[in-house]
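Shared chain: chain A. Partners: chain B in the first complex, chain C in the second.
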Partner chain A sequence: MDWIVQASTFAADVDFAINVIYVLVGFWFFLTFGIFLWLVIAHRAKPGQKAEYLTGDEREPKKFISRAHMLVLVCDVAIVVAAVQVWVQVKQTLPTAPETQTVRIVSQQWAWSFVHPGADGQLDTADDIKTVDELHIELDRPYIYELTSRDVLHDFSVPAFRLKQDSIPGRVITGWFQATVAGIHEIQCAEMCGIGHGLMPGKVVVETPEEHAAWMQSKSGGAMLASASR
Partner chain B sequence: MATAEVTHDSHDDHGHHEDEGFIKKYLWSTDHKMIAMQYLVTGIAMAIIGGFFAYVFRMQLAFPGVEVPLFGIVSPAQYNSLVTNHGTIMIFWVAMPVLIAAFGNFLIPLMIGCDDMVFPKINRLSYQIFLLSAIVLVGSFFVEGGGFGGAWTAYPPLSAVSEYNLTPMGATLWVVAVALEFIAFLLGGINFITTAMNSRAPGMRLYDIPMTVWMIVVASILFMASVGPLIAGAIMLIFDQTLNTGFFDPNKGGDPVLWQHLFWFFGHPEVYVVLLPALGFTADIITTFSRKPLFAYRTVLYTVFGTGILSFTVWAHHQFISGIDPRMAHIFTITTLLISVPIAEMMFVYIATLYKGSITLTTPMLWGLAFIGEFLIGGVTGIFLGASGPDIFFHDTYFVLAHFHYTFFPIAIIGSFAGLTYWWPKMTGKMMNETLGKIHFWGTIISFNVIFLPLFVLGQLGQHRRIYSYEGFGELMREDVLLGMGMQDLRVLATVALLIMIGFQVVFFLNVFLTLRKKAYDAGPNPYNANTLEWLAPSPPGHGNFAELPTVYRGAYEFSHPDRELDYWPQWEKD
Partner chain C sequence: MRIAAKLLTSCVLSGSILMGLALAAPASADVGQAANGRGEALFNLCTQCHGSAGEGKHNIEAPAIAGLPTWYVTTQLNNFRSGARATHFDDIQGMRMRPMAMSLTGEGDVEAVAAYVGSLPVTYPVATLEGGDAAKGQSAYMLCGSCHGMDGNGSEPQGGPPLAGQSDWYILSQLEKYKAGIRGRDPRDAFGMMMQPMSLTLADEQAMKDVIAHIMTLKPAN
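Right, the complex of A and B next:
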């Protein structure tokens, strides 16, 4: 099921792990719920008929419970494998390809500031491009982000990328993404950050290399330095 | 020690004479049943406040910017405060006092066959501190800057620094209220554990104790073992707020993530603290109304202990994306999924209890069954969130919100109604009206599902929590996402269902009111032909509970025994 667009290289993998859970958990849910409803309907009180005295210490009926919960354990193992695999991919690996770019993301009450490398491809040089609430990236190019916060906890969440990471003041957290669908994808803050928490939408603008170059061109010369605060 | 000190000494008849004075009888009582009523009434009053908050913010979400009747226009600051305090109230001032304190106080002495709690004065103090905590919390809504709005999890630095949260008084009062509430429940827990372990009727072995009592005892132990770190954390937070210390402030060498560990080390076992009493009520109710012994009593008990211990090892699944070492996520994914085994076992055992039963669908039975059905949804949706990879997407979305409402609503609301309707005859001596009870049940259950099922869909579509208005997000205003409805339509649907659910609560209060009339149908001591000791005491039980303290001869769930004509075999009957 793709409920929302899969706009990063790992989006489909996250969705796959989710779907594994949907299938396994759905099976157990409908089975258990079905048996539950059937028992309630089938064993309604009938006049003159006593319930059966089953304490649950009998071996035969107990088998159903113990075998079922072994099967639950097997499903758990499958889910752990699926979850861990995608977690390692998203959170514990960083791209090493030479074209990888680094961007800096700074959260604050209540805005996102982004620092993009300029034409030299390096951060902290004179041609860095700073923006507010708009991150411009190139399609199909791996990016490493360095995420930090100026004040309280925020969370950089791009649902279309299946990416989410808290930002913490005093700490720089790195992660990565690689966009696969051009266009605008929304950023939501996913950690309560004060009065303006609901009012800090940002955008990731995914551009083709040509569009991105044109955008860099329009920003060059340090014409637009983002103001730090609103 | 075990002798109760009781302020009511003159009457067994429960005519509400004023001879002791209002304050002494209703506010200064040491009788466990009166303290239970105090907790119950305070809990219901807080539930009305928490429910009103839900109504206000749901109206804002469905109709952004509209003037909400009885409230007015909702500002972003008010919105944050409403969601924060809705969560805080429903967990700490509704689920805890009603499920543990009210039912624990009322039921433990009655179910184990003694005349009062072991420490009646500590019990009284427990309620008084609880009442104080409720007053502090409600007071915090009216101070300068308004109530705290930094989410019920109160993550610093937002909660610690008033320049960030802009509620200097509200934030401090919120933490103080929560800390006081913890002290109240520590005092209550001492009583529950000690009484259940030491004051049981002669003959009542550990395996004869009714599940409700066991569950409240285990819940109290879990609470005691988990709350210490959070009380320490709360004091550190108060110091950060008022004395400018920097426990959680990175600029002063502190660490904001430390709070999250302290909070969730408590916060996750807390889920089980409130879950267990509701599971206990359900065990007592489904056995009575299916006339079956509880399937595998000992297994249930061991499962409860196992769940309790495991619940201390899963806390960081709330923090997968909070900046903890990503390798830690593997450990917490494994422990979290492991806990699905005992919980699934518990569900299976309860369902197996129904097998070959003789089921009557009374109102309390419907609530008990609904608990099983709805909690099942809450349980299975938790797997998505306990698995690290999928949680990258789901964390902090409405999927999480829908998931924990499918656990907390069955626990706090369905569990409370199950307990109330089941033990109402014992509490008041009067039977509730079954027709009104069933109207209330179906009205509540159907509207509950209509509120929260759409929220799973919104979460799956990437909608995050605690956002004042979604109008600024194009991706969250999509049309035609489910059965022709757009995302905003789903929000409206949830809000309308909430209004309907609130409306149906009138039926419950009407039912309560009707039972308090003289001519309501008298319950007698044992209206359900149940086995546990509370059904030996008169309804309502007078001072000292039992005319003569009972002796116990068998387990709590001897229904439909083959050697016996009757389909029940009370614990107190010799043969």
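Right, the complex of A and C next:
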């Protein structure tokens, strides 16, 4: 997964869990199909030799399956342990650092809108900065997001952050991220949401504290951001 | 000999030009047909929300567009594409339209689909609003008429689109957006910026309903 930049604090952990799955599942996949192919070739039909019918009642012939099954279950446990660790860290633990800020992410057919706290650091106050298509955040600062939908199911996906979260109308879903790479990262909708599903890209703009302060200054008092293009 | 050669050359050249002209005529017609077909093909996407005849769908807040002049459709599509329209946080319906306009990426796509929309017959949407007083609205419409035409059929030089034949609920929703500053605040949307202060002359919802009631009495030109 290294070909997609790891731009959040948990991106490497998500990649680790995925790689564990790749390696363990891949090992059994190729081993199983290799043995299967060998059996097909080695025990192909031969003149005068009749196929043996196994009922499965005797343990001895089944040991190649049952023992391998046990090993697969061990691998399953390893996958579950790796995945749950990441799940708890990414989905069930919110940052508590005092510098943590909250942003609101609003999905709709077919656009992303954002509410950033203004200078007071609080949402739902007069200095909130509302934007369309662009989420502006500070590098290395933890953010809690409140994800909502105005209409149907969407999914807020930032591949560089390894973040993917459904948004559901009527619910406010809370999560977090902390960007570690400055620059512009793509937002995609990862849940089929209608005819414009493929036409609603957005971007996360990760800025240094100075750049972010300058951006906030330029938007202070504004209720909108007109993106020139995307 | 030299004269004969010149005559032959001029005959060949004339023949070539005539043949070229003869070939060019059907070629132009083909280009025209292809452009029309292209607009119709592109319009398939529009039908998902605006209906197969461009009649609009109130339940998904997609307005009637059939018969809107090409210049207006072109301007609005370009506004959507550039972000001059529908980039306000509260323009929910506009943001549904914006990616659709942005999907017109081919050269001439906007013009082709705008021409096709303009060629569709007006669909005469049914009235959905109640409580408007057309008589009161008629006097308020005097100001609107300076750009939209006293007959409601629009004016390209003034940048006012036709209002006759438009859905009443759509006119109300756009007036509300103009009044709230959701539409017509981007400097790139020159005509929108002209409309924004005009909307403020309609003091409240009743005033808007009155003028819309008058607009609904106007007859579309095509």
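Quick note on the criterion: the second predicted complex is superposed on the first by the 209 of 230 C-alpha atoms of A that agree within 3 Å, B and C clash if a C-alpha of one lies under 4 Å from a C-alpha of the other, contacts with A are read in each partner's own complex, and residues count from 1 in each chain.
The rule is simple: contacts are C-beta pairs under 8 Å (C-beta built on N, C-alpha and C of every residue); 3 or more make two chains touch, one makes a residue touch a chain.
Computed from a predicted structure; not experimentally measured.
In the superposition on chain A, A:Val204 makes contact with neither chain B nor chain C.
Using the contact criterion defined above for the overlaid structures, shared-chain residue A:Ala179 touches neither chain B nor chain C, since it reaches no partner. By the touch criterion defined above, A:Asp133 lies against chain C but remains apart from chain B after alignment on the C-alpha atoms of chain A. Once the two complexes are laid over each other on the shared chain, residue contacts for A:Gly196 go to chain B and to chain C alike. Of the two partner chains, neither chain B nor chain C is touched by A:Met216.
Shared-chain residue A:Val103: touches no atom of chain B or chain C. Here chain B and chain C are compared by how many residues of chain A each touches, and B touches more.
Of the two partner chains placed by superposition, A:Ala7 touches none, neither chain B nor chain C.
Taken together, the two structures place residues 109, 195-196, 199 of chain A in contact with chain B in one case and with chain C in the other. Within the complex, the chain A residues that touch chain B are 3-4, 13-15, 17-18, 21, 25-26, 28-29, 32-33, 35-36, 39-40, 43-46, 49-57, 61-62, 64-65, 68-69, 72-73, 76, 79-80, 82-87, 90-92, 109, 151-153, 155, 157, 159-160, 162-166, 168-171, 173, 185-186, 188-199, 201. Partner chain C is touched in their complex by these residues of chain A: 106, 108-111, 113, 115, 130-133, 150, 195-196, 199-200, 223-230.
Contacts from chain B toward chain A in the complex involve residues 76-77, 79-80, 149-151, 153, 155-158, 161, 164-166, 250-251, 256-257, 290-299, 321-323, 326-327, 329-330, 333-334, 337-338, 340-341, 344-345, 347-349, 351-361, 369, 372-373, 376-377, 380-381, 383-384, 387-397, 460-462, 464-469, 472-476, 481, 559-562, 567.
Put simply, chain C touches chain A in their complex at residues 45, 48, 82-84, 87-89, 92, 95-96, 98-100, 102-103, 181, 185-186, 188.
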